[in-house]
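Chain nomenclature is as follows: A, B and C, assigned in order of appearance, with residue numbering initiated at 1 for each chain independently.
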Amino acid sequence: MLALFNALVVRDLRLALRRRSEALLPIGFFVIAVALFPLGIGPEPQTLRAIAPGLMWVCALLATMLSVSSLYNSDHADGTLDQLMICGHGSFESAVVIAAARSAAHWALTGAPLVIAAPLFGLMFDLPPPTIAMLAFTLLLGTPILSLLGSVGAALTLGLRSAGVLVILIVLPLTVPALIFGTGAVAAAEGGQSAVAHCSLLGALLIFTLLTAPLASAAALRLAVE
Amino acid sequence: MQLKGFHNPGGDALQALSSASITAAPLAPLAVQGLALERGSRRLFTDLAFELGAGEMLWVRGRNGRGKTSLLRLIAGLGAAANGQILFDGKARAAQRHVVYVGHANALKEDLSVSEALTFLLRIHGGRLDAAAIDAALGHWGLLAQRQAPVRTLSQGQRRRVALARLSVERRASLWVLDEPFDALDADGIECLNALLGTHLQRGGSVLLTGHQAALAADLPRRELDLDDCGT
Amino acid sequence: MKLFTFAAPSRFYALSGRVLPWLWISAAVLAYAGLYIGFFVAPTDAQQGEAYRIIFIHVPAAWMSMVIYLAMAFWAALGWVLNARMASMLARALAPSGMVFTLIALWTGAVWGKPAWGTWWVWDARLTSELILLFLYIGYLALTEAIDDPKRADRAGALVAIVGAVNVPVIYFSVKWWNTLHQGASVSLTAAPTMAHAMLLAMLLMTFAFWAYAFAVVFMRARAIVLERECGAAWVRGLSNPAMGQAA
């Protein structure tokens, strides 16, 4: 099982390395989307500081959803997904490992760069350092949740025509708790209050999603290759 | 549905198989009983039954759309049957016996090099990762010079060779499920595959395949399964 | 085994056909009674005046939207696990009605909000959760409509419904959390804690009316789905041409 996990993650990272420009597209989207808001709302520092955490969380959400809808597409197209689903002689456990590996690779390529990029934007929005730190921390806990949930959506909509929009429709409502706890933590940090409660809830949500999302993805993948 | 005809120049006569004889030989590498498969709302076949023994090759025939590919995918482990059972050595899941499936698609990532792609396929199936064996397999198929080339630079025929190179690495008496393996191969490739099939059968492996009869070497013993006969 | 004979689509079709007229009648009678009591008999609210009466539609609709979602998830799961066609068809039939009730709840909530709080929309915990429930319904319907193969559509929908049902408590909790954080004392759209007997009666009658209506509409939709999917079966052909087949 571990060998399968490692093989998949290494392969995904290697593939992304060979297509660097494509791997950076979600970050590009994030940058543009975040920059649009001051243009649309006005450069008033107070307003920007107030909306910055929520704004960045939502843009991170959208960037993740956009990139996750094609998570299984290329494997499905060239037949690799069939080979993957045969692993362990088609057992459910192998499918779970595959889903987990793909989510992990997706997070490494999309979520992790977002966590790194967010503080830079925090400076652009003139957020104080403790707030930026909390923002990065909540994104660190939250982006894996987004990748995991996105993987469920991607598996469900595999091969469908309007898969991109469908993934967003299906998965976004499920990401609301993560969004609320994440931005709540940042707001608490900004107000000088303790963000422990928010962070614990976010952490609990991460654990819950880690344990359940790969199972749902695996079930959806098996439906898709039938 | 009964097994139709056989071609075995040197062997014994094969009997038509029924469910009763299947229970009498529970350790057949592959035994299918009462299989029914649906595709969408269409019933492809109902009550399909056959057995595949060690050292045997079964050639699945039928018109387009009869369910050849679906049947092979089902046996490989993709999807679920509407009814019936597939038994590997008498068990529901191929525990001991390894199933190698080479489908229509080559399952090669375009951006990986040939040897990387082949290694990945072998690794996920828990196969041997001996670099020398992989190189030998690639050499066997005439692709040693392209081992570092990205897959996308290869022609369709060359990609097929890489996909089939998996079979060259195999040393076990496993069950091979091959969907149109001769597609896109030139005369050399066809000869290579036939030799591989012969060696595999001799060491006790089993082969289930579809494809043009013309490509399959005449001296390889095989049975036929005609899906056109299993009506819905 | 007797229970499972009712699971046959032909049986469902026959039974539901017999029950439908009664469902429509009960829905009409209960709705008439409930609305009459709610709009004419129940006393005027001390704080909100006459406008509060919309809750006799709003609250039952909200309840129905949640109950139908759970029922949908339940039947979809049952259909998947037991490979029961009728259960899956029932789940597909429930979804549009659930969405309609959610829309009614949201709309009446807005209509209530205007005279009560001065705005057409209030981001309180309940209304926001109801909005997210609407998104869950939209996701389910969009996915099941996008997949051509009925079996895959049913099962993918079941997965979405189950994942949604599991997440609904989490979502509701997080939205309540969010609401208290940002507004302090929550603005509640529930009726006063002690309700007059007439108000309670009206609410109950309207709830039952919506139940009957939901059953009627869902059964009608399910019957249409049954005919569509089982169109090759002898009993279906026998419906239009009695000489050809026998209704089960």
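Here, a contact is a pair of C-beta atoms (placed from the backbone, for glycine too) under 8 Å apart; a residue touches a chain by one contact, two chains touch by 3 or more.
Computed from a predicted model, the values in this text were never measured in an experiment.
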Take subunit B away without moving anything else and the assembly reads one piece
Of all chains present, which has the mean Cα position farthest from that of subunit A?
-> B
Chain nearest the overall C-alpha centroid of the shown protein atoms = A
Separation of the C-alpha centres, subunit A versus subunit C, in whole Å, is 32
Here the gap between subunit A and subunit B, centre to centre from mean Cα coordinates and rounded to Å, is 39
Chain centres from averaged Cα atoms put subunit B and subunit C apart, in whole Å, by 50
For subunit A, residues contacting two or more additional chains = 226
Contact footprint of subunit A on subunit B as seen in their complex | 73, 76-80, 93-95, 99, 101, 103-112, 116, 120-121, 123-126
Complex interface listing, subunit A residues touching subunit B | 3-4, 7-8, 11, 14-15, 18-19, 74, 77-80, 82-87, 89-91, 225-226
Could you pull out which subunit A residues touch subunit C in their complex?
-> 152, 156-157, 160-162, 166, 169-170, 172-174, 176-177, 180-181, 184, 187, 201, 205, 208, 212, 216, 219-220, 223-224, 226
Give every residue of subunit C touching subunit A within the complex, in rising order.
-> 132, 135-136, 138-139, 142-143, 146-147, 152, 155-156, 159-160, 163-164, 166-167, 170-171, 173-175, 177-178, 181
